[in-house]
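The next part holds the structures, each set out as structure tokens.
Here chain A shows up in two complexes: once beside chain B, once beside chain C.
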Partner chain A sequence: MQLFFQTVVGGLSLGAIYALVALGFSLVYRTMGLVNFAHAGVVMVGAHVATTFYLFAKLPFAIAMAVAIGVTAAIGLVIERVLRPLENKDFDLMLIGTIGFGTVLEALAILRWGATGTAVPSPVRTAPLDLFGVRVRTYDLVVLGVAALATVLLVWFLHSTKRGAAMQAVAMDHEAATAVGIHVGRSNAIAFAIGAGLAALAGGLVGPLLYVSPAMGGSLGIKGFAGAIMGGFGSIPGAILGGLAIGVLDSFAAGHFQGYSELVTFLVFTVIIMVRPTGVFGERTVSRA
Partner chain B sequence: MKLRLSLLAVVGIALWFLPYGLGPYAIHVVDIAIIFALLAVGLGLAMGVAGQINLAQVAFFGVSAYAVAILTARAGFGFWTAAVLAMVATLATGMVVGIPALRMQSHYLGIVTLGLALAFTNWVTNAELSGGAEGLGGIPVPPMFGIDLFSEYLYYYLELIVFAIALGFGMFVVRTRIGRRMRAMRDDALAAGAVGVEIPRLRMLAFAIASVYGGLAGVLYAGLIRYVAPETFSLANMFLLLAMVIIGGRQSLLGCVVGAVGLTLVREALVEFATYAQLAFGAVVVLMVVFAPTGLAGIPARVRRRFSRGQSALARAQLQPFAPSDVGDSRPESLAEPPPDLVASDLVASDLVASDLVASDLVASDLVAQRTSVARTGAEQAEAAARMILEVAKVTMRFRGLTALDGVSLAVREGEIRGIVGPNGSGKTTLFNIVSGLYRATAGKVAFDGEVVSRKRPYELSLLGVARTFQNLRLFATMTVRENVLVALDRSRTAWAWRYPLWPVGVWRGDAWLRAEADRLLAAYGLSEFADVLPSALPYGIQRRVEIARAMAGRPRLLLLDEPAAGLNADEVEQLATIVRAIRASGVTVVVIEHNMGLVMSLCEQITVLASGRVIAEGTPAQVVADTAVIEAYLGDARMLEAMT
Partner chain C sequence: MSLVARQSLLARRVLLVVVAATAVVLTAACAPPGADNSNSGQNNAGPIKIALVDAQSGQLSSLGAWELKGAKLVVDEWNAKGGINGRKIQMDVFDDQGDPTVGTNLARKIAAEGYIAMLGTAESAVTIAMADILKDAKIPNITSGQSTGLVAKKSPFLFLNGPTSTTYDETLAKYIVETKGLKNIAMVTNNGSFGKGEHDAFLKALTARNVTPLADQVVTTDQKDFSAALTTIRGKNPQVIFLGAEEVQSGLIVKQARDLGITATFAGAAPQGTPVFFDTAGKANVENTIVSSPYLSNDINDASRKFAAAYLAAFKEEAELHGAKAYDGAQILFTALKTSNAATGQALADAIRATKYKGLLGDFAYDETGVGIFATQIGVIKDGKLIAAS
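And then the complex of A and B:
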């Protein structure tokens, strides 16, 4: 039983990272119907920028994160601007376009930071806590706290600000939104920037948990994406739950199947998504004739 | 045609003599390029032609190469035995990866196939059987009647022959029935289902075909390199392959080949600057997607369109070339022909008609109904007058909180023209969607010709004899008018596809027959002139007529028309009425949703009025217009109206 809880706790911190990645995917998807496969690349760039400023410029961790968020938000704006002609048109083409962007980001990261990667020491150096016999790393708590805070802020933004309400309107019906005077392009750009910012947050936080390298995006991105789909694509609570679920699933797979954990995670994900393609909170999409 | 053949001959000869001008390293690069081209053709077929996002193509490649390696090096099989088993294993993998496509599409399918591909690399990197991260060597040189395939020059010819056959087969598929149906499915899966395309099986078939190409590439790779390692089948190579297909043009197999060969050569030239090459590929993919979505292969067509803009199609369309009276006259004649799926080439009868007859007896059971309606004479029609072809019993449809239909019942006699009218949002189109199988009713039953069909899928209903048009026109956008009709005309099932590998001549002959039939149908509907035009180039009124022709091509017994007169001018509405009467005269029952009351009144014998999801009146046009409930639904309370005037 103790092992069970230990595995759950171990999965939750990575799960929180996946949840942040999933949030970024979902936010962009619900606003503009775009599945951003470059998101993984943005996470990776965010991680590198945060690491660079934290380790080499010796800035405090929080400030390094803020810089990373700024940089990736700018990248998000560029991606949105370039792909804008395809918005609300061809889904598959956009998807491939973002894959192209992901490739570009990875190549740029290799050119700038090299292919080898960096280990990042944890910014919180206190001993692990002991909760009823389950060891909890303090940094894990930081990750969970930051993820929770980011979620609260995002929900507040979407529901209580004018800009957020405009974004919700675009998500529901972009043509109607245009008709009532919302600048859809700008709204999409903001969604993209926020999504990219969330990616940087995830990347920055994951640095001390994993190894920061240009290849780190792939697995993080796909698992975050899987989390978003499992929770119900486009749903905010779904993204959180889905991300955490993937984290825990991953943790159990790693415990039981060691090297084959990815194999197991993706097989389980495929089965779940086959049984319930709309995820837990997903809207049933009705095809209109 | 002659030009193409001579061009083909020139290319063939050039390829045959190519090795004479290449050094040992260059021929190695060419050998690799051909393998990538095979993979790209497979990906192009699945993604570009059938519209199935398949990010597991490199995994198919890997399954096959690894299977050959394991079977030869570990289990001691001979190369070709291992190759055959590897092809079977890859095909099985393709089918498994294709299963999710039955439930989900586009990005969902992308992530699932990508996840499964990652699962595969994860397995080969870890398993001892596959040699782990170091990979597995010791694959023997494929024996070939004393030809030493150790030489990469001689191996080139093996690859070239396999590739030529594979490419030719792929192009053959694209241009005939299966490919046409796949393209229809890619353009509009809903409309494709409504004209009888078996969507689920066709999706599986797309993955199966892609995996066969992946398998061939894997076998050739294993024989060429004789060593396999996980990084060959990594995500990076999957994205490279994707870039090849997108840059070359995913909808054209030749484009895919050009992309694959081009990118392999560029990658080789930039081998010292691999990262810059990756950067460039990514950037080019982004630019291609935004500025040239059809890739390099699509550029000639785009240039041509730019030059001829505003002249050809549109100018001709203004000529108004319809001959409405043709429809009634020639329809019965063309209907009397046997269904085209029965061009049973496997029977090898020299006389086409004879073979049709034999075949139709063989498969008579599932076509008996269709044929009786087709052959029905006037007397029989009167006899069947009392028969109900469509019965809707207490159908309720709820979308979450909204009740779109609330216990709707109606019955349509065979051979009748039934009008369905009602204010906007009264549930008319929802009713059509239920009858044609797009929606599954929350409660109630639908029976077609006495058989309960409430749980059938659109394609099953289409094959039973229900056809429909759509309110907002759903023509296959990248297919010509003739191809649009051909998709519906082709009533063969997906299982028919076994003829492709075993009896391609039959496929070809059947296709010629289909084309002739399509031309006859188009002539009847006055559309011959537009046969080779894309629907989007035509004015709205003509597009509407194309949709009706397409619906009728499937030889339905029940035709559902959803607002066929919307957007037509007075002249065109009149022609529409003529067409609908002609269709009925050929024995087809018509149900029409329409807002144009003049048309409904003159056309329909019976009218059903819907309001807020309920039937509020039913009867002859005269009865219905006199009904107070109908007046209220349309104009509000009648007394209030009187008070106001």
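And then the complex of A and C:
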């Protein structure tokens, strides 16, 4: 039983990171109908910026994270602005454009920070909690708390602010939204900026759990993407649920199948998607194209 | 558009991207004309062209960065003395990204472009993938890999600049089981080429001493959460946990193990003696880790002190094992080039095999398998530094 709960705890912590990555993917998708393949690169840049300001500029971790979110939001705006002329014209080129941006971001990160990477000490130094033999790292609780807070803020923004409502409108029907005077380009830009900010949040938080290097985006991006698809691509609660599920699934697969765990994780993922192609919350996926 | 139609559109778009990417990779793979046995492009007047192939990007790039620095020191040293028989050494760097497929492409490229020898890679899997092409092209290769799979290639053109996993793990098992009398041992290894080699070599060394590991956990090379494996190990309460994984992953395993309240001593080979391992795990967490390494510190003798000082002056960082291995490998190659009067192909391979070299790792004398050194020492991490075990 101890093994079971310890495995769940281990999976949830990385799962929260995947959930944040999935949120970024889903937010851009529901607004623009675009899969942003540069997202994993933005996660990696966010992690590097947060690390630079935390370790080398000696800023408090929370401030370093805020700087990273600001920087990546700006990167998100740049990506959206470059791709904007293609909006509603050539979707495939937009898709390939995001892949190109991902490659560029990785190359720039290697130029700026080197390929070797950096280990980040945990900003929370207190010893792990012991709950009936199950050890819970205090930093994991911080990660889960921040992820929950970010989700609440995002949902509040989308449902309770004028700008958020405008984004929802664009997501539902961009032509009708344009007709009532909503600036679609601006709405897309905000989606990209928030998505990139969420990526930085994920990257910055995962730094002390893992190791910050230009190659780190790859597997985080794939697992986050898988989480988003599993939850229902474009759905906010789906992204959270899917991300956490992928984290826990991964953790259990590792325990039972050891060297074959990656294979098992994605086989289970495939079966779930075959049974329910639209994901758990798929019915809420917004259609726009 | 309906949801299903929309998803099928998305699937088609993803497929399009995958097909495009595959086409690009295939085009790149087919581009080089293949191995050229005549060493075209090489003449006897210009610089001597050496290729250094290593991961300069990706998760394994720290190994590539160290190896490049070690080799570069030697190139600069020899060129400052006038090169080899009056010819400068030109060392060009190729990034294999730690990927065997990229490695095979590079093998064809360096064969086609007239490089007469190759240094690297630091990844056994990449070197093994390149070995056949280099053998056909008769290009000697001194690698930093340590997998027994390298020896199994039986290529007369493949040489190691350090001991194999068998030597590392035999020495380690002997120290743990016989010297220290610790027999409650658990293993965590990854399923990559390095981890698999470590797993097999250490298990063999334990079995030879009638010790069965309490737990034998295998993780994937990409795995980042080890809760399940470590909780299983914690339940067995081992005295020692053997690590068979690269620097970063080993560091993460140690960090998570300590968070789970595991107090056992860790043990391992080359990766566990590196600064990346110390930093990833946290200095306090790696205390007392037992390391089997042919190069324990920069303070072993005059040669290592001189090497470390030159390394520090050139790159503003402390030298470590991988830089030292690459340094020895490059010295052996250039010594062989000098004694053979800048020979190429089979003659150069023969010259490398005949070279007796007193290096930073010990005395090199190559046998027919391409291994030149057969000993490691045992070190223990104390106060964040690797020191010889008492």
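One rule holds in what follows: the second predicted complex is superposed on the first by the 274 of 289 C-alpha atoms of A that agree within 3 Å, B and C clash if a C-alpha of one lies under 4 Å from a C-alpha of the other, contacts with A are read in each partner's own complex, and residues count from 1 in each chain.
The definition used in the following text is that a residue touches a chain if its C-beta (ideal position, glycine included) is under 8 Å from a C-beta of that chain, and two chains touch if they have at least 3 such contacts.
The shown structure was predicted, so the numbers you read here are calculated from the model rather than taken from an experiment.
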> On chain A, do chain B and chain C fit together or clash when superposed?
Replying inline: clash
> Touching A:V35, do we find chain B (first), chain C (second), both, or neither?
Replying inline: both
> Is A:G100 contacted by the first partner chain B, the second partner chain C, both or neither?
Replying inline: first
> After lining up the shared chain so the two structures overlap, which partner does A:F91 touch, if you call chain B first and chain C second: first, second, both or neither?
Replying inline: both
> Counting only touches as set out at the top, which of chain B and chain C does A:I110 meet: first, second, both, neither?
Replying inline: both
> Between chain B (first) and chain C (second), which, if any, makes contact with A:F225: first, second, both or neither?
Replying inline: first
> Thinking of the overlay built on chain A, is A:G259 touched by chain B (first), by chain C (second), by both, or by neither?
Replying inline: both
>> Contact-wise, after the overlay, does A:M274 reach chain B, chain C, both or neither (first, second, both, neither)?
In response: first
> Where does chain B run into chain C after the fit on chain A, at 132-140, 168-176, 402-410 or 564-572?
Replying inline: 132-140
>> Considering only the contact definition stated at the top, list the common interface residues of chain A for chain B and chain C.
In response: 35, 37, 91-92, 95-96, 99, 106, 110, 219, 233, 259, 261-262, 277, 287, 289
> Which residues of chain A touch chain C in the complex?
Replying inline: 2-3, 6-7, 9-11, 13-14, 33, 35, 37, 91-92, 95-96, 99, 106, 110, 114-119, 121, 128, 130, 135, 137, 209-211, 213-215, 219, 233, 247, 250-252, 254-256, 258-259, 261-262, 277-278, 282, 285, 287, 289
>> Using the touch definition from the top, list the residues of chain A that touch chain B in their complex.
In response: 35, 37, 82-83, 85-86, 90-97, 99-108, 110-111, 218-219, 222, 225-226, 229, 233, 259-263, 266-267, 269-270, 273-274, 277, 286-287, 289
> Okay, in this complex, where on chain C does chain A touch?
Replying inline: 1-4, 6-7, 9-10, 13-14, 16-17, 20, 55-59, 61-62, 64-65, 190-191, 217-220, 222-229, 231-232, 235, 248, 251-252, 256, 259-261, 276, 279-280, 282
> Which residues, counting only chain B, touch chain A once they are in their complex?
Replying inline: 47, 51, 53, 99-100, 103-104, 106-108, 110-112, 114-116, 118-120, 122-123, 125-126, 190, 235, 239, 242-243, 246, 275-276, 278-279, 281-286, 289-290, 293, 399, 429, 432-433, 438-439, 470-472, 474, 562
